[in-house]
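One chain, chain A, appears in both complexes that follow, with chain B as partner in the first and chain C in the second.
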Partner chain A sequence: MTRVHRRVAMATAVLWAVATIALSWRVLKGIDEAARSREALYRAHASQGHAPSPAFPPSIEASALASVQQEERPLIVHDPDGVELVTAPVKDADDWEIIGAVALYGRWRECALRVAAPAIAVLVVALVLLGSASAARWSRPGITALGGVVAAGAAAALTLSQLQAAAAALAPRLVVPPTLARLALPSPSLAFAALALVLLAAAGALAVSAVHWHAEAAGRPARVRETLAAWGFIAPSLAHLLVFTIAPVGFLVWISVHDWDLLASDRPFVGLAHFREIGADPSFWRALRNGLVYALYVPATMVAALAAALVLDQPLRGIKVLRVVVFLPYVASTVAIALVWQWLLHRDFGLLNAALAAVHLPRVDWLGNPATALPALMLVSAWGQLGYMMVVYLAGLQAIPASLLEAARLDGADAWQRFRLVVWPMLRPVSTYLLLTGIIWSFHGFTLVYVMTEGGPAHATDVLVYRIYQTAWEFRRFDVAAAMSVVLCALLLALTALQWRVVKGEPADA
Partner chain B sequence: MPKARGRRVAGYGAALLLALVMVAPFLWMLSTALMDEFEVYQAPPPLLPASPRFANFTEALTALPFAVYFRNSLILAAATVVGQVATAAMAGYAFARHRFAGRTPLFAVYLGTLMIPGIALLVPRFLIVDAMGLVDTIAGLVSVELVAAWGIFLVRQYFLSLPRDMEDAARLDGASEWQVFWRVALPLARPALATVALFAFIDAWKALLWPLIIARSPDLRVVEAGVASFHGMYYANWPWQMAAAVAALVPVLLVFFVAQKAFLRGLAFGGFK
Partner chain C sequence: MAALGVTHLVKRFAGGVVGVDDVTLTVGEGAFTALVGPSGCGKTTILRLVAGLEEPTSGEVRIGGRDVTWLPPRDRDVAMVFQNYALYPHLTVRDNIAFPLRVRRTAPAEIVRRVRQAAELLEIDALFERKPAQLSGGQRQRVALARAIVREPALFLFDEPLSNLDAQVRAQTRAELVALHRRLGATMLYVTHDQVEAMTMAQTVAVMASGRVLQEGAPMSLYRDPASLAVAKFIGSPSINTVAGRSTGARFEGALSCVLHAAEASGAVLAVRPEHLVLGAAADASPATVTLVEPLGPESLVRMRLASGEELVARCAGEAPWHIGDHVRVGVAEGRGLCYRASDGSRLL
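== the complex of A and B ==
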């Protein structure tokens, strides 16, 4: 990290801290006016009646809480360290029944520490990561930068969810002053406030560096001109990436730890509840397992493609035509492919079963039988990928110097030995690349499942993407779908990181 | 040398077999599309229609408003191509040619986005587009794929392989940065841009999941979604389904055959994202 980066990081962290503290001050001020006590809120989330009661800090006497609930008014208690806490009862959304209590820190300082400190810590980590990525000190700046972006999103989400918890928990209980009402925004806008904060933080960091840079480059107009032009060229794509790729990562994590009911006006923080829900859902595990089994078509197809490439690796006339033909499945509309294969695999009138019948084999209900449905989809995918893999292998084979093979031949190596000792080691990088990109790609598959089986029969072909689609757009559980997406995202990120580790010499210069 | 000859025969045999395996489903699609509705229900099935029935195409394509679907798919594909080519050209050029403040961290951010799997971002992207009020609009349909980080890297790589003399000469002649880009650099990058355009077109044409969730009303459906729902409505009429499938294939195959060179260049760059 250069000195400039360190300064930018510090400045942004300070800005962030000021913004966070100002925000929490406004919340506190609202609470103060309403409850006539100078308290901050301690993790008072999930108290809106339809969520489980909050877990109180163990340091607070249960009896004290009980009496708060009984007395229906704020009481002052002390935790074992002697820190003053104010507990307040929480009523349900109709302001009718008391459903819990919140414990508030008695002093403003402690509140600020608890609300702002974790977010600031995460932000500093984010900035350090981004800084070291930009200084290219780490060998993989992309991964580091991504970590930074994710951490920045997490910082924004963390700050906002805590502030929201503070506002939401007290809103039903207390007479809400206008300031607090404005802060206790309905959640959609809060989510977008998170997005706005990420963008704001990015803009702030940019502004700080711009000022710094301007002072440095003041005497060099050509450099100023070039920088402005370059940023102009980059601005459109950067804006799009920020809104549709970078911000959604943080937003995704945010949704996954909140309740997101399309109809409800509030979206309380629920921690890992959605992850627990999908963890307890056998169909999620089924989908994950199906995805892993489905991915096995990749190595299987690679073997076939390698065999084909070995046979075809010789001067043949018309091979160029083949090289075009094999890409048809990739280019063609996937729905069309799904349809024709469904027709080919038809139980009664499909061509495949007709062929089986012709050689006196029993007919198979390919897509109707849970045991064969997933293998059938794997077959279609293998057909789609075979040609591409073959072409890649062919290129790999032709890159092997003939002199190497000749030398092995002169040393008396037979065909198998030549393959094992010369060809295969040379093809290893290509194979790893094909394997990892193929597996990553296999987890993107949706169309075949959607058209051919709809995840059935009996969840036999349910895969994660299809689960996410159904959960969000058929069952309208966006929060649970987000939790699944986080799992999928983590899985694919891990695979991609592995791929980038293995494939050296990717565009990691700059 | 009989051994080499045997190998050659095996090679031609394998090539023929592979080509057949690859093409057969497409031929079967076409053949079924020309059969009579009940002709297909025979065991063993006829390989060719007794008499080709071209009316299947007109009937299938008017059973649902496919003209609208094709229009929507073309709009989606055109917007995707224009968006991805324009942004890839501009950003790729800037990253390759300009030395500017903030380049290194910015480049790291772009590399980072290359890692993020878009498929996992469906939910937040949808909710963001929803908050913008763009669900069930053309703008929402085209919004998310307007930029491809992949294309930016391809164009950048391409520019790095070109000499920059002409651009410098233009600058000395007093051309502005935009003129240098538009008049000098862009024409040179045509092959790379063709590759970006081709892959953008193919991806947009094949997209199903995003159009499915973002376009609720039937008159915003794209061809892929249209054929999929056609499949559900005329489940038993295989010739009609195959006719619709063939129609969905035609535009993208045409583009592919015209632009094979660009396709292979993209492949060499790791085009399968």
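== the complex of A and C ==
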């Protein structure tokens, strides 16, 4: 390693250290405030028969009330001496009624350094080792990268164990008011800390490896340097993907195997209990079945879209205007579409029933009848998707070389044979794409259900995503909802894998 | 096999563009005729009108004596080979060749027999299970030919079938197409912008420009006696040399001069094939400066500039003894100058 590279390595280490401290700071601030509190003040409703509590200082009083009345969540405030503290609502034993508030003084500042110290130490040792390794010229890039990852992992593990030790050591100091059966303080818990630290560890490992690669890059062929540059270019989007997609999915899986109560302080690991619960829950299976039936609108719409595309592919005057009109519903807001269709399908004032009445057919309560509600939603979805599918089919049609159809005409094929033997096979990749993405999207369908039927009547339109939403936000069963999401995710992943296989199997155009 | 007759064919496109302007053309039974001309001259439109892919504004198309002007393509009994081959990418070579027979509901045993026969003729039976994407350009061309042959149509149409091939394969395929024509004895109409293809393959060449047939005849007669300046310029490579000047009746006077036996005196253009320029001390020689010498092996092309600024190219046998910058004298071989009216490009002599 040259001097410059050593400096870059040291700069990386310093950056890592600063990031670790900052992150530990943030994390510890959130983690189990109660565990690190040195005193707690509480106040309870007299009607509950609790002993009168010591009064809050006036500045805290307001914050405590606010956290009880509006937010149902902790607020960070400062007492008159400028010391930071947290106020949070307190619930009764049934976890139902808010009966008071607590204010907790935290002591997290001293913890941050303690937690970050081992991580920094491990990193510095790793850097020194790596430096000597490259000086000894026995190192390989793979070994270096592995070393970086192992070092970062060790740092993360050490940090986590320190964190847990800190939490455990401070736990007995938690002041639980004896009259309150359950002190409900939300805590982001160790999960966040673990997640953040693992991400940081990975970033540190990457940084160490990158420095090492760079140190050796001068002597390497251009191909390797190109590889490095390529990784550099994708790094920002990769980081984005990790933080905003992969990490939340990991968090979701984590929630699905824990008892996750928003206002409970302990969240024990329960394994697959939530999955067993949803497996035994008929409403989950009903939602899945509804989703499968709902998805049938996709092939039906595809047929209509292909027919529309075949018509709109003709070189007629004004055809472009018509194409735009058919496409319009796709760009309209789904909520707006839902509201308009709610009126069109209305039992008493709807256009559809007016038309039925005009030809002396009985009125149908489209959205109010369990037998017709789901088909009605499918109709609206089909109407909304038709334009998009038509445009994709149109593009597919126009990608078919004219000479191919002319060759078929000369070969003696009639219109139906041209469609069946040339056009349809040539559109197969497009159809596969539309079918699979359409089904995937149909399983995501939420807005129409939410706005038009709210899963009703009699759960006739209760689809999976709506069930997840209701479980999480109306029944407050985030853990069960997470388990459902994992099942849905697996389902969609399987569909996507299928799509990839089918698309990959397509022959390239001649 | 059947003769093709096109009478007073006119095609006016929407917007008033005239694609084909009163063309009358005959391809005899078993003949190989090439339509050649610059891009946009209407040659492909004629082909498409004959195939039935376009409808004429007026005129008549007859195949084998039958009026097919308003029949759909499938009822005309013609096969066409497209520039991009137009193979069905989702079908194997076998299924591509069998396609015309399948859509006509030929008996399966008959399909197998004829597909094998066509494939053997074009030596592509080893490629049966491949898809078009897995074939080279030359192989695709053969599959397209096999698909045309398998139906045994009355008339073959070719739309620049060789222009997507590289030079070597093109020369080879050219010879094979001629051999195929001999063996099948089929009537063929071949469209190309490459006059070399037209000259080397066809028995009759029709030169087109702006929707009209300028001249029709055997390849060498077109080369030797182009009826107009446009034909003279289009046929031959390198292109014919032209020099503007005047005809006095007995002589052409200009940057080059030569003896004429023209009846009239007028503004004229002298056209001379590169091999008919004589370098050295000819009687009517004009001074020129050599600008480039291109040795081609058996012959050399000598490019030069006349004092008046006109560029000429001469073809001489073997290695040329001149170099860039040499001053030479250039004249026209006796009786080889072609003279055209400056006004309309029609033949003066």
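Here is the rule we use: the second predicted complex is superposed on the first by the 286 of 510 C-alpha atoms of A that agree within 3 Å, B and C clash if a C-alpha of one lies under 4 Å from a C-alpha of the other, contacts with A are read in each partner's own complex, and residues count from 1 in each chain.
The working rule: contacts are C-beta pairs under 8 Å (C-beta built on N, C-alpha and C of every residue); 3 or more make two chains touch, one makes a residue touch a chain.
The structure displayed is predicted, hence computed values, not measured ones.
In the superposed model, A:Leu241 lies in contact with chain B only, and not with chain C. After overlaying the two complexes on the shared chain, residue contacts for A:Ala280 are found with neither chain B nor chain C. Of the two partner chains, chain C is the only one touched by A:Ala407; chain B is not. Residue contacts after overlaying the shared chain place A:Ser485 against chain B, while chain C stays out of touching range.
Counting residues of chain A touched by each partner, chain B versus chain C, the larger count belongs to B.
Touch criterion met: A:Leu421 reaches chain C, while chain B stays clear of it. When the shared chain is aligned, no partner comes close enough to touch A:Val359: not chain B, not chain C.
In the superposition on chain A, the residues of chain A contacting both chain B and chain C are 507-508, 510. Taken in their complex, chain B has these residues touching chain A: 7-8, 10-12, 14-15, 18-19, 21-23, 25-26, 28-29, 32, 40-45, 86-88, 90-91, 93-95, 98-128, 131, 143-144, 146-147, 149, 152-153, 156-157, 177-178, 181, 202, 205-206, 208-209, 212-213, 223-224, 227-228, 231, 238, 241-242, 244-246, 248-249, 252-253, 256-257, 260, 263-264, 267, 270, 272.
Listed in rising order, the residues of chain A touching chain B in the complex are 130-131, 133-136, 141-146, 149, 188, 191-192, 195, 206, 209-210, 213, 217, 223, 225-227, 229-234, 236-238, 240-241, 243-249, 251-252, 255, 308, 311-312, 314, 316, 318-319, 321-337, 339-341, 343-344, 348-351, 354, 357-358, 383, 386-388, 390-391, 437, 440-441, 443-444, 446-447, 450-451, 465, 468-469, 472-473, 478, 481-482, 485-486, 488-489, 492-493, 496-497, 500, 507-508, 510.
Partner chain A is touched in their complex by these residues of chain C: 51-53, 72-74, 78-80, 82-91, 99-100, 102-104, 131-133, 135, 140, 147, 151.
If you check the complex, the residues on chain A that touch chain C are 401, 403-404, 406-414, 417, 421-422, 425-426, 428, 507-510.
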